[in-house]
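In order of appearance the chains are A, B, C and D, and numbering begins at 1 in each one.
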């Protein structure tokens, strides 16, 4: 099982990824996927700008994926993270874990997202609807706590 | 938030469901989805036949969905379950939970699947590749245990 | 003192069966007049088992049979109440 | 007895900065000759802070700054070793 990791500006399609993963095989019984979307509850956001560390972003997500593959009997693992400007309502990140049974798929997808949040070198900045540049989004302590769950 | 429940023979498309759910809004930050596929590791299966209890299937999944909506701050919840003949590699069931943040979406999707497995009135029977009719699939004790987790 | 008791009252219910319960009973559903004094699902099962070998076979292992009253899951000790549709089926294997 | 000591040896590294670290330092990356005797990331940070106000501002709150050696996360006490690319950035906010 070779994890698929893509860092790209372009949008992605979850169904296409699942189809590509499961095409021509009948051993996958469960696919759990996560999609993170750009939120703008206040209506003041024009876009989020996602800066990343090219090279390390792929490498670090690959390391997290290898840890997931070592912990759970996975038949497929895909992680796609966009960079550049992403508008409210658009997709930012996708993680997909496939296994024979649902428990492994749920846990691996959950694990991937927790670690991706705290370890993948991406930084978000707000571009406001009024044309001004907003600040860098602050990291949440809760994200570290979430990742820490997996060490218990 | 009105859960969308569909019991149908036709296949479904996960991306379409996510797009329909998130179209024109920017309050959803996380979408977690589960897809259950028809497995055939031994290569002896022609298809699974899914029998269901019309009326009660929709009603029971709707009750589970209402419980999920009461437990987590969900912005969207979709459950689609197919009936009839489903071939190896094809999709059987889909659950999708949307929320502002990922924790609620992960837990709600996980909860929905655990309860759907033990409470939704569906029964699987094997149709073998050699043309004979296989037995009814036996329920797993592990499924009851999984559902029981949520009562702790 | 039962000499003047009326003929046992009955009421009409629809029974539905799924999966191997359906196969063993032999019909997917049937409309039956059941004694009005059957209080619980377990009472109904006991009465059904007197009606023929097909019911005996279907309910041979009562512990695994699940039931629903008007499309809501119910335990064996649940009161039949005024339920009009009573379903029997094996443990579910959907999902 | 240091009279005959050679000029301090240096080695060449690439430093890269992201997000507000990049903005504060003022460049996305730079190639620098750093003293060869800087043992850890913390030593390098201490040295960088002597090089100008931009570095002082960037590392004002050292506790929040994260580092990577050759694209692998590293703690402040980690040895620089033979790392050729050293990155500094704020806590990550991807996903």
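By our rule, a residue touches a chain if its C-beta (ideal position, glycine included) is under 8 Å from a C-beta of that chain, and two chains touch if they have at least 3 such contacts.
Not measured: the values here are computed from a predicted model.
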item	value
Fewest hops from subunit B to subunit D - one hop per pair of touching chains	2
Joint neighbours of subunit C and subunit B, given as chain labels	none
Distance from the mean Cα position of subunit B to that of subunit A, given in whole angstrom	23
Whole-Å gap separating subunit A and subunit C, where each centre is the average of the chain's CA atoms	51
Rounded Å distance, subunit C centre to subunit D centre (Cα mean)	77
Between subunit A and subunit D, centroid-to-centroid distance (C-alpha), Å	29
Where subunit B touches two or more other chains, by residue	36, 113
Junction residues of subunit C - those touching two or more other chains	none
All chain pairs that touch each other	A-B, A-D, B-C
Subunit B to subunit C touching residues, read off their complex	36, 50-53, 55-56, 59-60, 81, 92-93, 113, 116-125, 136-139, 143
Subunit A-facing residues of subunit D, complex	16, 18-20, 68, 71-73, 87, 89-95
Subunit A-touching residues of subunit B, taken from the complex the two chains share	13-16, 18, 22-41, 43, 45, 88-89, 100, 102-103, 105-106, 109-110, 113, 146
